[in-house]
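Sending over a structure as structure tokens; questions will come in a sec.
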Amino acid sequence: MTTIDTARLVAMFATIATATSADRDRLCALDGVIGDADHGIAMELGFSAARDAVAALDTGATDPTTLLNTAAKSFLNAVGASSGPLYATAFMRGAAAVKGKTTLDDADVVALFQAMAKGIQDRGKAEPGEKTMIDAWAPAAQAAGEALASGKSLAGSLEAAAQAAKAGAEATKAMVATKGRASRLGERSLGHMDPGAASAVTVIEAIRVTLTD
Amino acid sequence: MTTIDTARLVAMFATIATATSADRDRLCALDGVIGDADHGIAMELGFSAARDAVAALDTGATDPTTLLNTAAKSFLNAVGASSGPLYATAFMRGAAAVKGKTTLDDADVVALFQAMAKGIQDRGKAEPGEKTMIDAWAPAAQAAGEALASGKSLAGSLEAAAQAAKAGAEATKAMVATKGRASRLGERSLGHMDPGAASAVTVIEAIRVTLTD
Amino acid sequence: MKKFLNSVDTVLTESLDGFVAAHSDILVLGDEHKFVRRRELKLGKVALISGGGSGHEPLHGGLVGHGMLDAACPGQVFTSPTPDQMLAAAQSVDAGAGCLFIVKNYEGDVMNFDMAAEMSEGVLQVVTNDDVAVENSSYTTGRRGVAGTLVVEKIVGAAAEQGLALPDLKALGDRVNGATRSMGVALTSCTVPAAGRPTFEIGDSEMEFGVGIHGEPGRRRDALKSADAIAEEICTAILGDLGERAKGPALLFVNGFGGTPSMELYLMYNSARKIFERSGVEVIRSLVGSYVTSLDMAGCSITLTMLDDEMTALWDAPVHTAALRWGM
Amino acid sequence: MKKFLNSVDTVLTESLDGFVAAHSDILVLGDEHKFVRRRELKLGKVALISGGGSGHEPLHGGLVGHGMLDAACPGQVFTSPTPDQMLAAAQSVDAGAGCLFIVKNYEGDVMNFDMAAEMSEGVLQVVTNDDVAVENSSYTTGRRGVAGTLVVEKIVGAAAEQGLALPDLKALGDRVNGATRSMGVALTSCTVPAAGRPTFEIGDSEMEFGVGIHGEPGRRRDALKSADAIAEEICTAILGDLGERAKGPALLFVNGFGGTPSMELYLMYNSARKIFERSGVEVIRSLVGSYVTSLDMAGCSITLTMLDDEMTALWDAPVHTAALRWGM
């Protein structure tokens, strides 16, 4: 049983920020194909802001809920793109899911993770199969829950989540956006991975790495 | 001694119109080098309008002054370029110079011709040497006057005028416009004939042809 | 890229500084360039707040003032403003009667305004979606909100000035939006300063038919046609979409995208007006100019709003903003 | 050439028809498209008539109305109107107190207006020549009349509305013109519809410094500089030309040439204002927008008019035209 405290969540945001920053150009390029080429910038900006905001907190005096809400707000106000409200809502819902806890056990982390996915879906109202980040987040959240229920550790559960995210993102290549953003491209969107799904893989992998060792 | 009546002036405008129309593209091309490429269009438009206006007159009931004023007005209102007021003034001054006459003798025609040149100069305030139509009209008017004074016929006087115009237009090639329109081009205007001087040669030649045979 | 600028990073703040300085009689700039608001507030009046990506000037900042918006939040170029901007604006202009957000239908804008609305008390929203060109675009689910947004802001702004309550203003805004249809065409691409090159490639004798105000694709790429043929197709799409409603008094708004001069806009207006009137629309109000732009894009859109007496009176009501002014 | 048009021969008449239809509340079109005049004349008021080549819209037709021009005569693109137009306009708007022609200093315009003036009774003229870029150009002897013409028309228009007599209006117009300096820069060429291709070639990172409003050459072709550097050079030229007079209250007018959007104009305004204020000019009135255009040319001009109390009050006086409107 792992116990995640506030300090570990601070480290988590630092890792996500480093990972999305490293991934910036690829994400912009993916967004350039079916969107407006700024997704890498949005993710870098958002997670750098979140990292800095939570790093400034007094970890001893801050619970996970406050930390996650702080991250949400700073992400939101740093990014004018769709990904701003989507990730901000994710973290706010995660914050609500662990309300009252000072440290998080395996089930708490998985609940937080699932609340994040739910938050993205509620905010963006996208269904799986519409070629959005939901195609990575929804299967990842489901896989994490199933793994935990079948007795896996947090490490095993997040491992399952990361793999499901990767498969989900991969699957967006075969999707023709039928609703929303890239739908005007029709067949042109075929063969290209959705940038938000691609970045979700990066984010989820960074979460897995920081929360499981 | 030639006697020019109103009908002959009608014919004169027809000939000028044909000549300037035939010359249109060359004049536009010349204007394209140092101006705005519309001089041929302006001359064609102006003299077609003048031709049509005087052709509509009852020659029996019209004196030269009225005919010339009609030509002036129609030229003026057909052309929005500088050449409009310049030629309109020329014909109005010509009209004034022959006021009261029903037919024109040699001296009348030369006086009309000189008044035209004076009108252009008064309207445009250009001095000889500034690379304008005045560099054709002023020497032409002077040559006509001198020829008549030295006993030449109208044919001889207009012949002298046409030759002086041609030489004057030729001379504009060597002029750098120092004032007015083309002056910003500085040395760039060197080597090119002024379009207004070029068309003056055409107009004067058309006048010579119709009034002297 | 040929633009007047010093650095792509400061384009927005410098332009906003100039804008507010030039109109300091009626406007005030919020901290950190978060919003532009009207100088004189009116106690007890519902506050109207709009905003969106920059690059559409004079929308929305140029529509702030008496009889129209109370505040506008400028995002980065073609990017939604963030909720802290809306919240700061709301805090600054809320006069005790609540706020109405007027939002163009783009996913980023809608989600950001939604979040701001959820974080506030007493906020309602009107989402405009007047563009009949496409049902979904690269930025929206459902139709895009384009030039018709100005009409909504003017009419709702006048009603707010007259003291209408928040729920009624929302209903009015939805009604005006519902009576409004637009469609645009681009002759050239815009160039986003940060990108430094044209958003899309377009041939010398092509046009993008049904283009969005961010240069996003429209119905199709087509050969450049005559003004009459372009107007015919746009007006037919608008009339077709309005269906039975396309009869009687209307406002005709021909909007330039930034790179098209007024001579051409009036020529398009002339074409469009004839087409609409031929089919039973009576053009009783007109607006022609570059009000909802797409940076330096050459092109225009045509907007038709079917008017009733109330809407007409509100359109005519006094307005004093940087871009629209009459009656005062 | 990418323009909204049906045929190059009908561009002007179609655009004018649209223009007058869109503003039929205040404007009337003269026979044969010879002029545009205000709908309501004022008995005993001096009639203000301007005009010039088309392609500079909204100048001059957009400046016809209460408090400004009584009539405007549109020529062919970049070509003077003809005297019959001025005469028809004068006949239509003369209200018994004479006419003042306001003419931009171009040889064709000056000669055509001169002829019209000679053919009329009771006409005086103001010839504007605010452009400090060059002393003579391919169209003028002496300085060109450019965007400052709008300032002359506004201030003289207000005075005419208030009943000033013809000689006093001429004196006022000359005084405003004398207090006004402008200079422009082009980033792209305009394209004259009848020509069908750009008036001049210009490289991707070049600008034409001191360009005229017909795309005629300016001081020099130069590498495209930052907005601040461009503003610095223009403002310095204006200040240098004004000399001792460049102190105290002024109107700063940043004018777009047709293809430059408002975001960039306000950025230039921001630069220019700082430069002027640094040197003792106090910007108390501002105007930013595309008012004196050169078809679709990208670029802008900066105009400074040194104001006294009388001129300021006349600038502020109510005006109701298609392009400028306030106070009514």
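A, B, C and D label the chains in the order they appear, each numbered from 1.
Here, a contact is a pair of C-beta atoms (placed from the backbone, for glycine too) under 8 Å apart; a residue touches a chain by one contact, two chains touch by 3 or more.
Fair warning: this is a prediction, and the values are worked out from it, not measured in the lab.
J.: Measuring between Cα centroids, which chain is at the maximum distance from chain D?
T.: The chain lying farthest from chain D is A.
J.: Approximately how many whole Å separate the CA-defined centres of chain B and chain D?
T.: Centre separation, chain B to chain D: 33 Å.
J.: Determine the centre-to-centre distance between chain A and chain D, using the mean Cα coordinates as centres, and give it in whole Å.
T.: So the centroids are 57 Å from each other.
J.: Roughly how many whole angstrom separate the Cα centroids of chain A and chain B?
T.: Roughly 83 Å separates the two chain centres.
J.: Looking at the whole structure, which two-chain pairs count as touching?
T.: A-C, B-D, C-D
J.: Inside the complex, what are the residues of chain B that reach chain D?
T.: It comes out as residues 34-38, 73, 76-82, 84-86, 88-89, 123-125, 179-185.
J.: Going by the contact rule at the top, pick out the chain C residues touching chain A in the complex.
T.: Contacts found on chain C: 53, 75-76, 78-84, 107-108, 111-112, 114-115, 134, 136-141, 195, 214, 216-217.
J.: Using the touch definition up top, name the residues of chain C that touch chain D in the complex.
T.: Touch list, chain C to chain D: 2-7, 11, 14-19, 21-23, 54-55, 57-58, 62, 187-188, 204-205, 207, 224, 226-228, 230, 258-271, 273, 286-288, 290, 293, 295-296, 298, 300, 325-328.
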